[in-house]
Structure formats: structure tokens, C-alpha cells
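Every chain is named by a letter (A, B, C and D) in the order it is written, and numbering of its residues begins at 1.
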Amino acid sequence: MYTALKETVLAANLLLPQHGLVTFTWGNVSQIDRRRQVIAIKPSGVEYDQMKTDDIVIIDLNGKVLEGKLNPSSDTATHIELYKAFNSIGSIVHTHSRYATIWAQAEMDIPALGTTHADYFYGDIPCSRRLTDQEIQTEYEKNTGLMIIDEFKHRQIDPNAMPGMIVAGHGPFCWGKDAFDAVHNAVVLEEIAMMALQTRQLNQSIKIQQTLSDKHYFRKHGANAYYGQK
Amino acid sequence: MYTALKETVLAANLLLPQHGLVTFTWGNVSQIDRRRQVIAIKPSGVEYDQMKTDDIVIIDLNGKVLEGKLNPSSDTATHIELYKAFNSIGSIVHTHSRYATIWAQAEMDIPALGTTHADYFYGDIPCSRRLTDQEIQTEYEKNTGLMIIDEFKHRQIDPNAMPGMIVAGHGPFCWGKDAFDAVHNAVVLEEIAMMALQTRQLNQSIKIQQTLSDKHYFRKHGANAYYGQK
Amino acid sequence: MYTALKETVLAANLLLPQHGLVTFTWGNVSQIDRRRQVIAIKPSGVEYDQMKTDDIVIIDLNGKVLEGKLNPSSDTATHIELYKAFNSIGSIVHTHSRYATIWAQAEMDIPALGTTHADYFYGDIPCSRRLTDQEIQTEYEKNTGLMIIDEFKHRQIDPNAMPGMIVAGHGPFCWGKDAFDAVHNAVVLEEIAMMALQTRQLNQSIKIQQTLSDKHYFRKHGANAYYGQK
Amino acid sequence: MYTALKETVLAANLLLPQHGLVTFTWGNVSQIDRRRQVIAIKPSGVEYDQMKTDDIVIIDLNGKVLEGKLNPSSDTATHIELYKAFNSIGSIVHTHSRYATIWAQAEMDIPALGTTHADYFYGDIPCSRRLTDQEIQTEYEKNTGLMIIDEFKHRQIDPNAMPGMIVAGHGPFCWGKDAFDAVHNAVVLEEIAMMALQTRQLNQSIKIQQTLSDKHYFRKHGANAYYGQK
């Protein structure tokens, strides 16, 4: 019944090790079918090279398993909160990719330093606040999602113009219109996180010009975009 | 009619992911046929592993498409200006290769620190000034080309002895006598950008001896070269 | 007689170059059969791509060779001491993997900076003290093992919650319930050593929240674990 | 007549790109046949993937070509001087491998910081002085060799216990008893150069204990070695 959705989510999960974003079973991709109100998500702790279509778990927005024999990702509750709050997103990717995780461990926003960043992310990529001890001890994964949402509201950031962020002490969450788009953004985030860290070794205070950031973001996004075909 | 030219440009574009210089569709190679006054250039936003000979776009020096169904690279106007100003170059390569981009983001010239650099680039590799807001907002890609040319004139650098540079906040442009030569220079630029960054972690102020730079550059270039065969 | 054990140890040794943890013949994996009181260990200085099942050496807990024509790893005496003192471990891995070795050379504990670390290692990963000149000159490899044990006792660290450490000026030793588990931990150690070093470039003093470390460690280990299947 | 020698030198040269030590045609390996007083060396500027046995050039100790149609490596004169002065070496490798070159560009000795270093190189790896302008302008490659020899004499270093060094502003030269041994040392040099650089990011002043360095060097070299088989 959900075969096409599960195949897409499997294929997108398999892209994570191909792009060097995950080690072992770390990381997970989910995709939502908004019409049917179901989410397909990677099972918890299963090796990528052994994962099959039927290992992908189908859940509803309360986290109830509708199809599949395995436990869904331990981060499922985070995904659910993000889907509920960010209506326009169709897929979520979580990894511990090295450089994005390094910025998360440093608990610092990833500064916008070049056009590679501006082509995809409009402005500095936010690093969340720490969770409180209570938020960690009770419903940790759900509270992680709520904190991300709160961070975007508080800073008045549009999740469509900022398709990812990093959770303090943990690592990146990215999203997109579908699973391939979300994985694409996760790859870009890792690339710009690496370049930002090394740029900071050369120059502690540089930032991209706002006009240049605008130019690059809007030549690829929105009504006046002219990058690509059509 | 332009099949051989398009095949060359396709092959050179495919070298970019092979050498680890590009992610996704980033980067582009063009080559000019100076006798026929046409340029072959990568289409905008097409995946490398799906690109075919007929996807390469043929344009004239006004940017008019002569052959091909796809839009040419969004950086086409930059290429055109460089071909018009630098008469001796036959090909241009633009990438967001990591370490060259890092120096561009830091808005610093890549200092000449060793013979690997001196074998190919005569002197520090210039990082451009920033574009003005107006230059960004109107004819951005064309103005990028004009700024590069201006930078070389202003600093009195010969584009034959300096087959590439970096644009502030953006990334590298390289060139060469043909598309394979230009890609070769782009690979070397990335290599020396990486080594220069790490050298600066050990030693903040070192520079190559001028005599040693001269020796290595001129044993490979010019009338008295003795490196290689013939 | 020990074929299955030797096959396991061979397979685990071959994972080391696959994961990029070793160069040439560096590194070694052993596994103990506690019922029979024998250890299977990699031979000394043999190339990985030529190693066969029968090259794996079977020794007893006094280091006496029971089966095999080759000399066991020069680090055998270290392995033996660890097996004698840490009753719960079934396998030991020693490598000179780059980033773990870098922290060992810097003679600094690897600080717990994120959830990737907390998922596997509970607290900072200890770097041992230096051996005394006498400990080096007489029974060096045995004394390395005794020093590791002493370090864990002195700091009151449970080897089950800290499946590895680094020896000052040398490199990492990891362990696990079997050879694949121990190699798994060696891969993770390298990953978190890399991320910790780069995190320190951005932020000199940050540490993971204790509550977050507890949460991640105990959602994967112990009676209340809920990560993975079952 | 020199087929076996040429095949060895070809095979050793091909190991350089396999180990990631060279880009394009950079780097060269030679081997001497001391009985016949001939050297086999890589031709200058030939691509590795097109190199054939007969492209390897046979020269005598005056640099005269005895066999082969191509020009020998432009660094030939350096190799010749080293063979004449260091009687015990059978092969020389020169590369621009990244991290060894970085230390050469920084014009700093590579400090002995761990047992990986001590297993192969006894003490800090010397970085040469700069050549004088005159040494560069006349017989540059020969003078590079003479300077290396002078550096070893001046510092009283035994080339058997220090199978390589770095030339200021240039890159590494390594040697060994034969071409495979010399390439092996070049790989190790790159590895320890990388780890030394990163160790210095964590700890500016640490050095390996002398006793530990002695222990590791002498458990692999000399009369009392016990590493490996026999």
C-alpha cells in the first residue's frame, strides 16, 4: 500500500553513506505523505547495506506504527513535531555528518561566508540552544523537535529559506520538499560547514556581503530565479 | 557542426567530479573556438552523470545560443568577458572547490609558499575585491568578469603567468590553453590552496624565496624550460 | 581446532584497512575464548592483503604459542594483561588511527563534546600517563597493559562504559564483547577524536551537558535502552 | 639488459598515486644498481597511467642516458648526488605529498611526537636550510642534493636511521634499501607529517619521551629488533 513511499525513503537513506554523511547505522531519512497523513521512516539501528524496502516503517502522526515489523528510528518523535509545525516540508534528514556536528558541538551558528552557502541557506545556519535537563529527561526526542521549532519562531526564520539547522551538542537536521531534496540539503550543509570552519582558521571575523547573499539565494529561489533549466 | 568542441567540453566537465572539485551540478567548463568565434559551455544545473554531448550549449560572444536546447551556465556572462579581455586563453573553469573557496571566503590572496605553487602560478594568487552593491544587483555575472579583468590590470598581472584567481566570497576561476589545461590548473589551484592554508597553521609569515619561485616557474614555462619531454 | 575463532579474528583484522584505520601492517585485533582460555591474535608485521586464517596465532594467557607458525603481534603482552584484568571484554583492537593517535601524541584526554561520543563512551576518553623509563626498558608491552589497567582503577572508570582509551605518545586501544564490536568501537573512537579536535578549533572550552551525555549513553546501553531493535 | 630494474622502478612509481602521494606527474622514484653503477629513474613529465617499462630511463652516475628515449626526471641530479654520498641507500623517492610539503613550506623540522614516527625515523625529521640565490641559479638540482648531504653531515644524522627529510619551500625526499622500501618510507613520512601538524593544533610544545622513541626504533631496527617475522 505504501510501497512507492517506502522505496523512495529507502533510496534516500542509502544516499547517506554514499555521500559520506553517516558511519554505521547513524542517520535517518523520513518522508511524509501529507494527503494520507503517514510518514515513512528508517528503522532504528539497522545496517544500511542490509536494509530492504519492507524494513522502512510506516507511522501516523501520533507515532503509531501502521506497517512494518521493526522499531522506527529513535528520533521519530523529533521528525513528527517538525512535520506538524513546518507545513511546507516533505522530508527530514538527520545525520551526524562530521563538520555540521563539529559546529553543533561548538554550539555556534554556522556563519554565512560565501555564495555556496547563499545558494541554499539564506543567512547564518542556527545552532539551537541547549535543552533543559527536564526537556532531556522527559520526552527527549519530542522536545528536540519542539526546541527546533521554537528556535525558528524566536529568531523569525522561515524554514523554507533555511532548510536545516544544528542541535547543540548533537548534530544537523535538514529538510526539503521530498527525500532527495532533503538529502541534497544535508550534503550541502556538510560542505559549507567544512568550508566555514576552515575559513575561520584564516579569518576570524569575515562575513558574506548581504547583497551578494541575496543575489545568489534569489537567482536560485523564488519568482525571479534564473539558475537551472526552465 | 560543433561536435568535436562539444565532446571536448563535455569530457573536461566530467573531469571535475573525478578530481573531487565539484559537488552536484556546481562548476562549469567552457572552451572557445577563436577562429569561429563560438564558445561551448556546460548547461545550467544539469547533473554530471546525465550530461550528454548535445547538452553542451554553443553560444557566440554576445551570449546568443547558436546550438543546444538547454540554458547555458548561469556564469556564462563571466566567461564571455574573460574570453574578450584575455586573448591568449582557450578555456575557462569555474568551481567551488573546497580550499580555493575557503581562501575566497576569507577574502585573502593565496600566498606563494612553495615550489608546487611556483611550478604553475607566478606569484601570490589574487583574491578579487568585493563587487559593489550596484555591480551585484545589475548584470552580476558580467560584472564579475569585468572585476577579474580589472584586478589583473590594476595589479599588473599577466593572465598567462597566473592561470586563475579567486573571487571574494565566491570561489575560483581558472583558465588555460584548452579545456584539459584549464581543468589541470583548477586541480593544482585546489592542491596549493589546501597546502597554503595548513602551512599558515604552522607558520604565519613565511613566503617562498623569490629566486626559488623564479627557478621553478621558468624551468617549466617559456623559452628556457627544461621540464618534461622536448 | 580453533578455526572459527581464527576466521573471526582474520575477518575483524581485515576490517581495519577497510575503515581506513591502519596503514601497512600497523594495528592488530585479538579475541579471547574464555572457556578454553586461549587468545587468537594477528601475526606481527604481516600484510593485510596476504593474511590467511592459518596466519592467525593461537596463544594461551602466558603468551605461549599453541597453534601457528608466525610470531604473534609485538603488542601481545599488552593484550594479555587487559584480558586478565578486564573480565568482561572479549576482544581488543590496537591501531595508530590518525586522530586518536593525534590526541595520544598531544597527551590529552579526548573530551566528551557531543552525543556521538556519548552514544558509545561514557565521559572523557582517558589518555594514559607516560610510562617511566624503567617500564619502557623492561617488559614494555606488558607494562603498557598494566598502566592502562592502573589508569582505569585510579580514575575509577568502568571498562564496560569506556570501551577504549589512548596511550600517551602512542595510540588507541579499544575493546568490546567480540572482535566486530571492538573494531566498531575503534571506528567510533577515530570519528569522535576527529570531531573533538576540530571542535576545539572553534571553541576551546565547551563540554557536553552531563544530562545529555547520560541520556544518549543510557538510551543505547543498560536495562532501559530503547535504541535499535528489541 | 636492465629490464628487471626498470620493472621494479615502474612498479614503485605506480605506487605513488595509489597511496595518494602524487597529483598528475609530480613525484619520482629511482633505484640504483650499485654493482653495475646505473640508476633507473622515472621520465620527466609523463602521466602515471600511460607509463611503460621502456619509458624508465637508465643513466650512469654522471647523468648520461644509457638506455631510454625520454628525458629523465628533472630532479635526476639530486638523486645522483644522494646516491654518491649515501652509500647504503638503494632507492630515492621524491614527492610533493601534501603534509610533508606543508612542513617543508613552513620551513620547520617535523618533530618526533609519537611511536608511529619512532618506528621509522629516529628523531626529528630535518627541514633543510634555504639554498642561496646562487645555488638556485646554477645547477639547482645538483645543489639541492649537496645541501641535503650537508644538512645530514652538519647535524650529524645517519641517513640509515633517518630515511628521508624535507627541503625548505619544496617537499620531501625519502630513501630506502630498494624502491619499495623507499616508497614505504614516503608513505609513513606523509602519515606522521599529517599527525604532527594536527598534534601541534592541540599541544604546541609536546615531544615524545626519548626512552619511548628509542624503544620503538630499536624494536624494529638493528641487532635486537623483535618486530615482525624473524
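The criterion applied here is as follows: a contact is a pair of C-beta atoms (placed from the backbone, for glycine too) under 8 Å apart; a residue touches a chain by one contact, two chains touch by 3 or more.
If you want to know which protein each chain is, UniProt gives these names: A, B, C, D = L-ribulose-5-phosphate 4-epimerase.
Since the structure is predicted, the reported quantities are computational estimates derived from the model, not experimental observations.
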Interface residue overlap between copies subunit B and subunit D, same or different (over half shared): different
Fitted rotation between subunit A and its twin subunit C in degrees, CA, nearest 5: 90
Of all other chains, the one whose Cα centre sits farthest from subunit A: D
Intercentroid distance (Cα basis), subunit D paired with subunit B, Å: 33
Interchain centroid distance [CA atoms averaged], subunit A/subunit D, Å: 46
Per-residue overlap in subunit D, given as positions that touch at least 2 other chains: 201
Topology of the chain contact graph, where touching chains are joined (line, ring, star, complete, other): ring
Interchain contacts, given as pairs of chains that touch: A-B, A-C, B-D, C-D
Subunit C partner contacts - residues on subunit A that touch it in the complex: 23-24, 26, 43-46, 70-71, 74, 96, 98-99, 101-108, 130-131, 133, 136-137, 140, 169-171, 197, 200-201
Residues of subunit B touching subunit D in the complex: 113-116, 184, 187-188, 191, 194-196, 198-199, 201-203, 206, 208-209, 211-212, 215, 219, 226-229
